[in-house]
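The two complexes that follow have subunit A in common; it is paired with subunit B in the first and with subunit C in the second.
Then we have the complex of A and B:
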């Protein structure tokens, strides 16, 4: 019993120890650029947690990462590395944008779900190709998904810059430059913000906060995926394939079918990654639409060790690092490059320290059994 | 075993120390806020100017660096407090940085590049007392009472002069243009240049090629080099580009064939290799630095005006570069260029900015 508490305490302490160690090393770097580390960290935390808009922005920042990490974790659970979330979400986002701007006059209750569905379908299409190649032809999914990311980048570029470019934008005085983007999405395709709901509980968010209903959706989805993987026969088969493909095959599990289903599910979740930004903020897709959520999602999932609830926490940590860094850049003039180093150090330390502590916990548990 | 316990213990100690420093920090809080409130009423308030780059930021040897140069010059001359920031991720970061600067009491904030158009429009509405400068982009429906000043450039006028220089210098009677991404912006460079060449020598033959139709066309030196070689093979002996980093390929191709090239945006003679320098005729200068400087100057002198501020030849917003490397190349044609510059400023020559205007322009030559 006593040991249980010890294990729990260690597990909870792990990330804090990691953050403190990372902060210590980062301090040396901050000192090297002639800034006061205490002030930098103090500003980072104060800016992030003492302002209601910062807290909401952290959740907004975390939303795409939760989807992305969930998609990655589904792959990991069945022993496949879906490194193609990046391409899958860009295709999904484009499909959603396409349905968003080309259909007009639908009521929001029909249009919005349709747009979200389009995103999901886009993600599934882009995940179908690698898993088809894997199951039918034995092409390793890492290679095919990485390559398909590049295809997606170029394809999106072509679709936005050439085929569906908004040519209605006017040039003032014939000078300057227009944005290379799709037409704006119909108002019925926009996801509502959470302002009204939170105001009901007495939380007044400023107008410029873009926190929207995709955040609660991502949390519910995390719970749903946890249930699916841990509590259903399909989830059991999925994990069995992940643990030992040969054994599960002998046990009568159709490995190819599990791969297909699991990977398409991963792609479907990936299709949701860009929607919070698209439907909640930009309302058009431009050449510059945020990139890299797919890769950040891998880090988020690794830190959380593929636990859906851990993913929510680690995505929020990433959201905090982003928001906090905006604060120290604007208020303390810490250069962007230093901030990138700080963020990376934090992540590395968290991964290493949690690994060390988890190994220690495992040994403790083993001894307990013995 | 003991080592592990020791490790665990040391981690706990570290944590406690960490917590204590954390608490210590909190205790300082009231002190921290006092100087802040005092800052609200300083004896003499320094003007704060902020600038947000586009992704990539400083070090592009062109656009962003030019904006930075203008900011630094203004800082020296007017004793300002300046900050320059760089967004990390997608567009929401751009908007957040602008907003944070505005919240932090900045008086004048620049967004460098047309990607800022929508973001500046949003933030400017939230902070009506803060002034904003937007380079290369235009927020619609604003006038001089607005708190946004859109800084636009007549790239075609500067291109007209370098086009004339190309035609005057050309021995083969053939000159070429290489654009980056095909768009109205780059077409201004193209038609200004072609018009300048035709004006200086109506019999000149011109070639135009574009690297591509996407943003990647601005970072594809290999393709630009191929296009340049093709034009050189066809007889062109002076080449001009408006293709960002792709242009390096064109300069390489021209240098290898001992043909002349013309740079763009900033003075590319200064950043070229020693081998290339003798072959760079001049560069079409887009003086982002001047526009930033002037906007700050106006603000300091309380003459800030919203709306659209257009920079052309008349106020050195665009022009051609002269430096120690190209002196010998352009000194004899310079009087002619100055004469043309004069005519454009006086309105005797209307430089075309697109294809239709260019065709009209050609008719006036005949």
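Then we have the complex of A and C:
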């Protein structure tokens, strides 16, 4: 129907309008610090897209955000706000690191899946606690997941600095200092880069690019989650519970069970967030392992309106902004924080615009019937 | 004495329903005027028109003899109309004084002139003989006192016409007495009070005149001292003009649903179900009537399994259902048409086709490997849409855009599609227009002809008497009487509904 296309078009249009409005206001801020906004945006694009290795870096940047936003979106679909992706992925990453450095001598085909599985299990353990408290005791998941983030920070600190700290680091003669980190992961636990595969298509990536197979995995996972939520009976129940728990209950859907399964799934996906960095870049977990993916994921999911394919796009957008902000800082001496402002503005606009469009669509549908 | 309020031909329509249908109403200055009617009769809509919250589609309003247009709640206050809502709109952490003056503070420079406010309030309290501690925090005072705060709020703003929306619903009996003392005092001081209720005893004891609404129409206005409770009840529920439905004689089958001594405790430990015993056979419609809030809701929830915390037995086809999940009970062949379709029957933001398989989504017929067979679900929905003449623009539209009648048809088509054995319909025609209502009745009769056991819980006596084979009257969580429609009069049922006495229920 014509109207259906109109609604779809509006929904796709919403993020673009938000981006343009955000860019406009950011321009004012850039003007205020005596820089030329056009030049800033031009530099961002040029720096990001001129070279193929830069594009690969953007995809590398986007990978953890895709996992993180997918995990958030599963929660949103059933009406729960899993703000604890942060803690879940840190625990997941640590579990993966643990299996990665403590088991030796396994072939990669067994060791790598085992390490990934450990990450998933870690994320699930950390998401089990809040959902158990919610279903059995009515504890609000926002409170418990936020608190568990802090517990995770401290726990990881303790585990890395005290329990599993690598005390036999060999340093290059007199250079550098000892890192507070776990032992190095076995080579069999490392995720292969995509260089070889891409070279097959004539794309040559330099060595300093760390784009690995977690990126395609995240894309496949997004498709899988779309199928799960929009097509399977479980996904149907998840959405029904998210919109109206009482009606779902009367229809015979066990709300508690849906919450359990859905939240554990969210935690499992969260467990994958840190693995691209761990298994594809650092190969150890240290005190400074990247943080904040969990919160960025909320923003990415918001912009994508919880649509898995939209999440891929908006994660890539965030990856681009990160890359671009490095460019403008290096080349134009424009602080990276400008881009943080841009990101924040985008989020605010998307929330407002989505609300306006949804109200409009509702009125459109009502008018049709009346 | 002049007229305080005069409404002429007030009509208010909502999609699919006329909430107020050409209502004429005259309220004299200085009287307590009660407006009674079942839920959904249009009382609240009418009062919201008066309070400026809704604009009538047609009709005129005269306040103190002058034609007015009440365009907003502020305008209503200007016209000295004050609304005391059923749900209090007060700030818990504020004191009584702060709550009363909130939004109408007297100022001295930049600060609130608390002293002047306090003096004004003290005078008001004295004048109307209200007992209130102005410095108590709202969270520390009783519901009855909180209601006094609400009344003081409108008096403080200078209201001469007070509208009280079901003021006694939240009060304990002695608090009701105190409220009535206050209201009489207000009347002595010349205030006009409009009192909305469906509790007939209260209305008779407090009101001077009573207007009865039914299905959006004003049935009539009577002086309180020349009418009996039974007469009022009859006005409220309508004349038993049995709609001529092609109703064949019942062909009773065996017992499909039986309840024995079902007891359930509600909030605060009071029994909401007090030993309900009934049997419903295949091929009959068992109507349950009663004044709202006498256990109908709890009864339905116990049968479908939403409430499991009861004593006694509920059996479907001879098998006890206690301890089973809602899904298991539904799989035994119990269909449920819930009372509140928005909260309990539908998932409003989801599509029509998604709503029409809610609860059936795990059935074999909608399964395609690991996913839902969307094509089959759409075909199923399209069949229902055709069979039940549901008016929609697309089965892909969100169901919240449908009118109430069409939404109810979606629920009916879904619940009746699975060859149920027991059909539990709670207020299935509430808020529907005549056409949709008749359709629902036809469907229920059709299922009866097919030999299903139908339980119809309704506040509409006319409906129950015209389509039921047997009628049970529920009062205070108990079936106090059982009749066949032929052997009863409306007076009888009215008396039982009000809990006057009991008649031993005959067993089926």
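Please note the rule applied: the second predicted complex is superposed on the first by the 314 of 370 C-alpha atoms of A that agree within 3 Å, B and C clash if a C-alpha of one lies under 4 Å from a C-alpha of the other, contacts with A are read in each partner's own complex, and residues count from 1 in each chain.
To be clear about the criterion, contacts are C-beta pairs under 8 Å (C-beta built on N, C-alpha and C of every residue); 3 or more make two chains touch, one makes a residue touch a chain.
What you see is a predicted model; the values in this text were computed from it and never measured.
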Using the superposition described at the top, determine whether subunit B or subunit C touches more residues of subunit A.
-> B
Contacts of A:333 with subunit B and subunit C, given as first, second, both or neither = first
Given the touch rule stated above, what does A:360 touch, subunit B (first), subunit C (second), both, or neither?
-> first
Regarding the shared-chain residue A:239, is it in contact with subunit B (first), subunit C (second), both, or neither?
-> second
Who does A:86 touch here: subunit B (first), subunit C (second), both, or neither?
-> neither
Could you look at A:177 and tell me whether it touches subunit B, subunit C, both or neither (first, second, both, neither)?
-> first
State whether A:288 touches subunit B only (first), subunit C only (second), both chains, or neither.
-> first
Is A:141 contacted by the first partner subunit B, the second partner subunit C, both or neither?
-> neither
Which parts of subunit A are in contact with subunit B and also with subunit C?
-> none
Of subunit A, residues touching subunit C in the complex = 1, 3-4, 227, 231-233, 236-237, 239-240, 243-244, 246-254, 362, 365-366, 368-370
Residue ranges of subunit B in contact with subunit A within the complex | 4, 8, 11-12, 14-15, 18, 21, 25, 28, 32, 55, 57, 83, 85-86, 88-93, 95-97, 99-101, 104, 114-115, 117-118, 122-123, 126, 136-138, 140, 150, 152-154, 181, 183-185, 188, 213-216, 308, 310, 353-354
Spell out the part of subunit C that touches subunit A in their complex, as residue ranges.
-> 15, 304, 306, 325-327, 330-331, 336, 338, 343-350, 354, 358-359, 361-362, 367, 370-372, 374, 391-394, 396-398, 400-403
Footprint of subunit B on subunit A - complex, ascending = 10, 13, 16-17, 20-21, 23, 38, 42, 57, 60, 157-158, 161-162, 170-180, 207-208, 210, 277, 281-282, 286-292, 322, 325-327, 329-331, 333, 335-336, 339-340, 360
